[in-house]
Every structure is written in structure tokens, then in C-alpha cells.
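Labels A, B, C, D and E are assigned to the chains in the order they are written; within every chain, residues are numbered from 1.
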Amino acid sequence: MAVLDLASILGLILCAVLVVYGIVFGNPIDYLGNFYDFASILITFGGALCCVLIMAPDLKTFFKYLKSFTLILKVQKINEEETIRQIIALSNIARKEGLLALEEAANSIDDDFLKKGVLLIVDGTDPELVRSILETELNCIEDRHAEITGFWDSLAAMGPAWGMIGTLIGLINMLRQMQNPETIGPQMSVALVTTFYGSMLANWICIPISTKLKSKNASEIMVKELMVEGLLSIQAGENPRVIEEKLKSFLSPARKAAFSQEEGGENIG
Amino acid sequence: MAVLDLASILGLILCAVLVVYGIVFGNPIDYLGNFYDFASILITFGGALCCVLIMAPDLKTFFKYLKSFTLILKVQKINEEETIRQIIALSNIARKEGLLALEEAANSIDDDFLKKGVLLIVDGTDPELVRSILETELNCIEDRHAEITGFWDSLAAMGPAWGMIGTLIGLINMLRQMQNPETIGPQMSVALVTTFYGSMLANWICIPISTKLKSKNASEIMVKELMVEGLLSIQAGENPRVIEEKLKSFLSPARKAAFSQEEGGENIG
Amino acid sequence: MAVLDLASILGLILCAVLVVYGIVFGNPIDYLGNFYDFASILITFGGALCCVLIMAPDLKTFFKYLKSFTLILKVQKINEEETIRQIIALSNIARKEGLLALEEAANSIDDDFLKKGVLLIVDGTDPELVRSILETELNCIEDRHAEITGFWDSLAAMGPAWGMIGTLIGLINMLRQMQNPETIGPQMSVALVTTFYGSMLANWICIPISTKLKSKNASEIMVKELMVEGLLSIQAGENPRVIEEKLKSFLSPARKAAFSQEEGGENIG
Amino acid sequence: MAVLDLASILGLILCAVLVVYGIVFGNPIDYLGNFYDFASILITFGGALCCVLIMAPDLKTFFKYLKSFTLILKVQKINEEETIRQIIALSNIARKEGLLALEEAANSIDDDFLKKGVLLIVDGTDPELVRSILETELNCIEDRHAEITGFWDSLAAMGPAWGMIGTLIGLINMLRQMQNPETIGPQMSVALVTTFYGSMLANWICIPISTKLKSKNASEIMVKELMVEGLLSIQAGENPRVIEEKLKSFLSPARKAAFSQEEGGENIG
Amino acid sequence: MAVLDLASILGLILCAVLVVYGIVFGNPIDYLGNFYDFASILITFGGALCCVLIMAPDLKTFFKYLKSFTLILKVQKINEEETIRQIIALSNIARKEGLLALEEAANSIDDDFLKKGVLLIVDGTDPELVRSILETELNCIEDRHAEITGFWDSLAAMGPAWGMIGTLIGLINMLRQMQNPETIGPQMSVALVTTFYGSMLANWICIPISTKLKSKNASEIMVKELMVEGLLSIQAGENPRVIEEKLKSFLSPARKAAFSQEEGGENIG
């Protein structure tokens, strides 16, 4: 089961709490009802969603994009150290028992990308071709991720835009019929609610999701680049110690030190 | 006949419905007439279109750009899996009957780009030259697409700009003659209508079209890059299984799995 | 004589007509005089021009930049098909009579860039050096064009900035002396005129010019890249049919078809 | 002990002094209390922090990012000249006593990156591999730094966004209940305080920190690139004078002259 | 002595004249005093300067950046034609008397970069190393220039930001104490003065300086790239006529024609 991502969930909920607090306590005479207006919800959220619907390749993809929201709630299962250890283990097998012995080892690999790479090596594929196939795969993964973050970026731009359109509609209507000066305030208040909705949609939901997904993508691509380097080194028959040195370059100084220590411990044990 | 693109059409229509809803029901005393003003339409849409007309290479190209609107209404006929199968079939022919046998096969190819590539191979063109010719073609396709999306991006920028110019004109006129305080509201209302028009032009029409066309371009270029890789592999006489492995890197994991299964099924059948 | 560029001229004039229309008919009691204010003209246009004057390398270059305005009024004399035909003709001469025979042919070439390339080939310059010289020339042409479009981009940014500065000056003065409430409207009206001027300067003049010049630059560079490819193919002694195939990659499908047909027709004729 | 960074500390404090001055003396009847509002603090700072919390990989990293604030208070201990001297000394050792003699010298090197490079050379690692390992390390350092500056950039964008959301909440509440015209001013005043907070968060704290960290990163990467060049030159057995000439290219003219003079002085002494 | 840069000085002064004109004559009852407010000056200019102080590496560099203002007042002493002539002369010497004869010629070269390049050639440095050393130097020059323009860009962004902060402070204070409606106008007027200051700082000073320095940097880098090309051609022993042809690619058509004519004249003379 996927572990929940505390940072994202906490941030999402606290934001909502703060806004409700601001609405209720910012001014003693306020109440949440001021911020509920059905027509405003329709024009802002509806308008923004319709526009990203226009941009979507098809309806199915549109809902797939929307569902990507859940991705930020789960902790990413990426462990650079574990991957490095796995690659070093593979390089030891290859050195001792030959490249063909990797076929059996490949069965216990969870990561599809690493598995595919190992099988390409076992098949005796040309190193240049291995790199080309894995890099094409990497580029296509990045393209697919960029499509999803592009969806949230578009929604983040459309939210405030439709919020402003809603406010313009409210203002134009209000200004046309100003017979009763007492209703001007409440009418402007309702007109501004769409701007509020649009701003919340962008800043509370879309921008954080997009940024988080971009950061998750960067981590994933980094581990996959580490795999490509490791696989090509295994195929070239490089020394496991050199491979370890090479792959440790991907770690931060603190994690590098921890990794080396642990490795040392394992060597002793 | 081209299949209609439900996502684009639905989004476009729903947006308009939502805006009309916002105009009519946002405030019980409103009516659509508040949002119709001939001078405002002229200054906003006219101004924005005139400015992109200045930017256009010539009148004919300007209308061609405007007509590209219809592109987003049709579903793109791109099928990566079909293309991969076609290339594998071609590679089987080339392996069994030689590169010259591809000439006949080329006749049944619909895609002009793939056909041109196959004919270049049949002509015995140098692989480096084949890649160079196909990549020049790819770059020129991208340049032409970028011109069209650039047109919609310019219009998306000009819409709000001319909306603001229209509002400025209205405000300057209104402020100069404020004898009657009762007309201030309606006059400001009319002044704001141009801002509303400009914002709708950008957010309802131009930005979604531009984003959709960019995404369609990305899909098309991706399939064409897949073709280039496949064609060069055929010319190099690579093994059809290796070519399949290589081209499958362009697919997402889900489609990759579906493709492999289907292939397996075909093999059995 | 240069042919006038209808799209640019029409767009420029129509824009002005629309603005005058908006000023005069947007509100029955308006008149153009509201939009003429000498101090506003000085501060907006003067301020913006002075700032791009600060940026200019020297006074002479500043006026050269301003004069580049006339470039958008003339239709660009670029004809890819004609250039391709010219290069194929040159390659036929080179094939039949040798590279030295190109010297005579060079005399009838109008385009300086193509001429220089042909003469470099005649001189027996090393192919690598030919490419390097022509690409340096291409880069320097792009740099010079980028300077000019940069000038219009700077002016497009300075227009609204000085318009806002003018409006701020007007507002600050007005707010300090508000004894007579009846003058507030007209004074604000005058203050807003500078924002109107700045917005017109950017959206009516500078942005369209800059975009048009960028598009003209792209066409010119594309034809020159086509020339470089063609020249290097001639020097490499490639087959005229292969050269044609290569250069046709620069054309759009429609123009490619038209070109092939025409060529066929010529062959018959 | 780290030396304090006078420029950063002075700037940070002076900014606060100026704002307090502006608040207190900008208008004789003002007082700091106008600018303290608990709900406003919560919504602006809380909202902005919650949103960057959503973006953070996990809680621990979030606090690590926040703590990076202290980095700008310390002067960076980077000394290009010292590094160049160190590398020349190493190249002299390598020339006279062989590459293996560098192992002992490596012990006295403080910088981990330089030390790792020297040890790779001592191990007889292939030059291409040395460059690849060091450049991977360099890229990963840059990626980690970019994550931190990205955090401050996100906070700089979220500050004004949540300031505006707070102001919208205040305005919507105020406009709904405008029975008492006398309270409109103070209520709008409170509503604007969040915009003030957001603007201060971005312009006083986040943007300067982000810019400073980017500049520190650039200096660090530059010295590390200098080390890579130097290490590869040592491994290639280049002449120490040539190495000095090469590495001096990284210095500004003034520092280059000072360095040469000093070196000359040392040679004499 | 450096020649004064008329374009920059004229532009800077005219801008100030125009603003004073706008302040004094924009409205008959205005006077310059409306635009002087000590607290506003402190908060806008002080705040912006403090923030770029936070970003500066140290106090000394901060003042060095500020002093770079004077750079735009001096005409740049760059003469591509003169440099080309100098390089052709050097190539003639190298051809006739050998590379070593360049040592004496190097003494009469003013430009440090060209001199260093010639001396590297005289020392018999490997061509690849000469290119690498000169390009490192070129990159470091660009980095140093980018730091300075980055300083002015940061100040250009901080000016309007602190102008807005000052205006917010003024508005918040004013709105809190609105007992006397007659003081609202003048108080808002003072509040807006900071926005005016910030906008002037950015648009009158910082953006023009930054743009001018970027254009000066581009010219300088272009001449230095011309030098690198020339030096490597000299070292490769290329024909002076070919070198001239190569370097003339850096000139615009008009200057190329003028240069060739002059050269012809010299040959005759």
C-alpha cells in the first residue's frame, strides 16, 4: 500500500483551514455564506475546467489528468541508495558468472525500466543501441509527465482568468442598474467572489500540484539516469568499485557519507 | 471523414453556456443585452484582428491561419501502435525480399512522410542523407505548426490589450463629461464590456486553441520521430524484434503492455 | 520597386480607423479632442523614445532602428521555389562543366549570400570552411535582425511604462488639489490619456512590427539555410535529383506538390 | 567559524528599518499598530507556507529548505586564487614524483570535491571516466541548489498571491455589510494589510535570498569547473605553467594581474 | 580619454526634462513640490537598494556594481574593421617570418585578449588548448558582465515593488484614520508618489542601463569571437585572403562593402 504524503496532505488541509479562519475571524461580522455563490462557482471552476477540456486530447485523457491529483497524496517510492546497491549486486553477478547470468537476477527486479535494461544486456544488444533505447524511453516518460504538469499549469492560468471574467460580468451588470445605492456593496462583494475562487483554484490547488509533480518527475528521472549509467557500466564490464564510485556521484554529500558507512558496515558484517 | 473531437467541441460550447448563465443568473436583474455593444465589438475584436493582420505575411496566409481553428474540431488520426506494426511489416519484407521489395509496399502507405522515407531507402540513398532529409522535413513541419500557434498566441495577447484600450477610451470619454451622475454607472458598464470581450477572446478561444494545436503537433512529431528511427533501422538491416523493442520505447507502459499482448495474440492466431 | 505589403498597411490603417470610431461613436457625447493632450504626448511618446535612445549604441543607429519601420510595408522578395531551381541549375552546370564553370554563372545571381557561396566553391575552399564562413554570416545576419526587433520590443515595453508614469503624474497632481469636485472627472480623464497613448504605441505599432520583422527574419534565414545545404551538396558533387529531393524538404506539402508538378511540366515543355 | 555576510545582514535590517520608518513617519498620525493584524498574518504567511509545504518532498526537507535562510548570513569561503595555487602545487608534485605521490597530498585538501578528484587520478581511473564522474557530481550539486532556490522562488510567488487572497476575503466581507460608512476605511485598511505582508515576504525576504543563493551557487560551480579543468590537466601531465595559464582564464583581469604579480613575488622570495 | 556616449546622455537628460515638464505643465495648478516627499524617497529608493544589497556578494562588489552606471556614458571603443586589419597583418607576418615573429608584433597590441592569444600561439600551444583557454576566458567575461546586468535587472524589479510597498503603507495609514475627508486626496497623492518613484527608477534608469550594457557586451563578445577565429586561422597557417574572407562574415553588408573598398584603396596606395 502506498504511504501517504504527509507534507502534501497537511499543506492542502491547513490552507483550507486558514482561508476559513480568514473568512470567519478576519472581521467579527463575517460568515462563510458570503463566500458561497452557485453562479460564481459555475463560471469560475466551470469555465476553467471547460477550457482545459478544450485543450485535452480526448475526454478519457482529461479525466486521467484530473485523477493525477491523487499522485501528490502518495509518498514516492524512490530510493537511490537501494538502486545503487541493486546495480552493484548485478555487476558482481555479471563479473563472476557472466552477462547471461543476469537473466535470472532480472526476475527479482521490481522496476520495469531497470528490468528492461538488464534484459537488453542479456540479449547481447549493442551498447550504443541499449543507451539509445533507454534514453528514448526516458524522453517519452518525461514527455508524458510534462503533459500532466502542463494540464495543471493550464488550469492554474485559467482559474484567475475565469475568476476575472466572472467579476467583469458581475461589475457590468451591477453598473448598468445602480438605482439602489445600498445594493452596490453586496453586488460588488458577489462579483469579487469569482476572483477569490479563481485565485484559490490556482494557488491552493493547481500550482502546488504542478510544482510537486515536477519535483517528483525530477527525482524519478534522476534515478532512471543513474540506472542507465549503471547498466552501461555493467555491460562494459567495469569494476564494481568503480561503478559504486560513479553512481555515488548522484547522492548528496550527507547521503554519500551514510551510504559509504553502511556499505563499510556490510563489508565488516 | 474526419471524426469530431468531442473534448474540444464540448469545452467550447460549455464555456459559452456558462458565460451566458453567469450573465443571466449571476444577478436576477441582469440580461444578455448588457453585454452587447457594437462599438465595443469593433474595437476589441477588430483591433485584435487588425494587429495580427499586421503581423501576417500576407492576406491569404492570414485567412489560412484563421481557418486553422477547424483543426481542433477534428480528432487527430495518429496511431502509434499501427505505425509500429507497419514499420515491423516493412522490416520483415526488407529482410526477406531485400530493400528493393519495399517499393511495392510503399504504394499502400498512406502517410506521405513514411512513404517518402521508404522510397529514399529503395533509391539506395546514403543513411546519413536519409536522416538529414527526414529531419529537415521534420523541422520544417514544426516551423509551420509554430507559425500557426504563434498566430493564436498573438491573438490571445492582443485580445485583452485591445479590450483595455476600449475600456480606456470609454473611461476617458465618461470622465470628461460627468454632468449627470446617474449615467456614470451605465457608461462604466459599457466601458468594461470591451475588457470582458478581450478576456473571452483570449481565454475561451485563443489560448485553448493554441494549447491544443501545440499538443497535436507534439503527437505528430513524436510519431514522425518514431518513423525516422524505424526507417533507419530497416535500412541498417536490423532484426525486426530489435526494431519492435526500440519503437515500443515510444509507448506509455499501459500501451506497451497492450501492444505486446496483442502482438502475442496475433502470433498465436 | 518593392511591392507594398497589403496585410501590414491594411492592418495599420484599420486599427487607427477602429480607434477613432471607438472614440467618436463609443458614446454619443464624445469627441476626438478628448484624446489630444500635448503634455501627455510628450511624456508618453517622448519618455518611451528617450529610454530606447539611452539603450541605442549611438544616435545614427537609433534613427536606423526607427527607419526599420518601413521594412514592414514592403513585401519580402523571398521565393523558395525559385532558389531551389537556381541551385539545381547550378548543380547541373557544376556536374557537366566542372566547379570552375560556376564562376560565370555566379555573375547572374542577385542574392549576395548565394553568390558569395558559389565564389567560395569556385575558389576551391575547403567544404568545412565554406560551411563555417556561411554559418558565421548567417549568425551575424540573425544578430543584426535581433538588434532591430529588440529595439521595437524595448519600445513596446517602454510605451505602457511611460503611459503609467504620465497617469501617475496626473493623479498625484489631481489628488493634491481637489478643492473643486467638478474638475476631478476631466482631470482623471486627462491622466488616463497617457495610459491610452502608451497602450496604443505598444499594441498598434511596436508589437506588430516586432512580430512581423521576426517572421520575415525566419523566412530569410530559412532560405539562406536552404542555400547552404544546396551549396555544400553542389560542392560534394551530389546528383541534381538528390539535391532537389533534399531541398524540397524545406517546402510545405502543398508547395512541394506544386513544385514537382511544375518541374514535370517544364521537363515536358 | 563562518564569517558573517555584512551585505546580506545590513540589507535585511535596513529594509526593516525603512519600512518601520515609512509606517511611522510617512504620515504624522500613523502608528505601527495599523500594520499588525493576527488574522492577516495567518492567512498570508500561513497560506504561502502551507502551499510550499504541499510542494515539498516531505516535512524534513521542508524544514531543511527553511533553514537554508541562514546560508545567506555567512560569507562564502571561496577563493579562486588559492584553488589555482593548490592545483599548480599538485601538478608540480605529480610531475616530479608521479601521480601516486598525490595520494599523500590529497590528505591535506579540505575541499571534498577536489580531494575526490585527486584520489580518482591516483587510482589510475580513465580520464574520460574522471571527467564523467566529476561532471555528474557537479550536475547533482547544481540540482540540489536549484531545489533550494526553487523553494524560495515558490514562496516569493505565493506571498503576494496569498496577500491578494487575504485582501479579497477582507473586501468581500466588507462590501457585504456596509451599513456603517465610517467603518469602510478601517476595514479596507485591514484588508490591504495582507497585500502588504505578501509583498514584504516576497521582496524583503524571498527574492533577495533566492538571488543571493543563485549567485553563491554560480561562484561555487565556477570554482568546481576550474578544479575539473585543473585535475584533467594534471592527469594529462600538462606543464604547470600551461595549467596556470589555463586556470587564470577563470579570473577577472584585475584579479589575474594581482595573481600574476603575487606569483612573481613568490618566485623571487 | 573616453568619448562621451551622446545617445545615453541625451536620453537620460531628456527623460528627466520630460518628466519635469509633465509634472509642471500637465496641469496648470501643479508644482514640482508635489513630487518631493522624503519618507517616500527613503522607502522606495532605500528599500530597492537594500534588497539588491542583500543580493550582492559583499559591500565592495555592491559599490562596484553601482559604479557600472558610468559605463553607459562612454562610447565603446570597438572597431571590428580595425581588428580584422590587425589580424590580417599578423597573419602576413606569421606567413612570411614564422609564428615566432609574432612575439615582437604582440607588443604593439592594445587588446589584452588578442595579445594573450598571440602569445599562446608563439609559445607553440596546442590549437585545441588555445581555443579552450580563449573560450574559457570569453565565458568568464560574459559571466562577469551578466552579474552586472543582473544587478540592474534586480534593481529594475525592486523599484516598482518597493514603490508599491510604499503606496500600500500610505493607503493603510490613510484608510485607518479618515476623520477628515478633505485630507484623503493629498494623502493618496503622497501614497502614489512612491509608485511614481519606483516606476522612474526602473524605466528611466535601470532598464535602459541594463539593456545598453547587454548590447555593449554583445558587441564586445562578437569582436572577441572574431579574434578567436582569426587567431586559430593564423595558427593553422591559413592564407591571409581566406582569413579576410572569413572575418568579413562578421560585418554587415554595408560595412563589408566599405571595408573591401578601403582595402582595395590601400592595396593601390
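FYI, a residue touches a chain if its C-beta (ideal position, glycine included) is under 8 Å from a C-beta of that chain, and two chains touch if they have at least 3 such contacts.
Composition by chain, UniProt nomenclature: A, B, C, D, E = Putative membrane protein.
Quantities reported herein were computed from a predicted structural model and do not represent experimental measurements.
Any chain touching chain B that also touches chain C would appear here, but none does. We define each chain's centre as the mean of its Cα atoms; on that basis chain C and chain E are separated by 25 Å. Work out the mean CA point of chain B and of chain D, and you get 41 Å between them.
Shared interface positions of chain E, i.e. residues touching 2 or more other chains, are not present.
Read around the ring of contacts, with chain B first and chain C next, the chains fall in the order B, C, E, D, A. Chain C contributes residues 39-40, 42-43, 46-47, 50-59, 61-62, 112, 120, 125, 129, 132-134, 136-137, 140, 143-144, 147, 150, 154, 157-158, 161-162, 164-166, 168-178, 187, 190 to its touches with chain E in the complex. For chain C in complex with chain B, the residues that touch the partner chain are 5-8, 10-12, 14-15, 18-19, 21-23, 25-27, 29-30, 34-35, 72, 75-76, 185-186, 188-189, 192-193, 195-196, 199-200, 202-204, 207-209, 211-212, 215-216, 218-219, 222, 229, 242, 245-246, 249-253.
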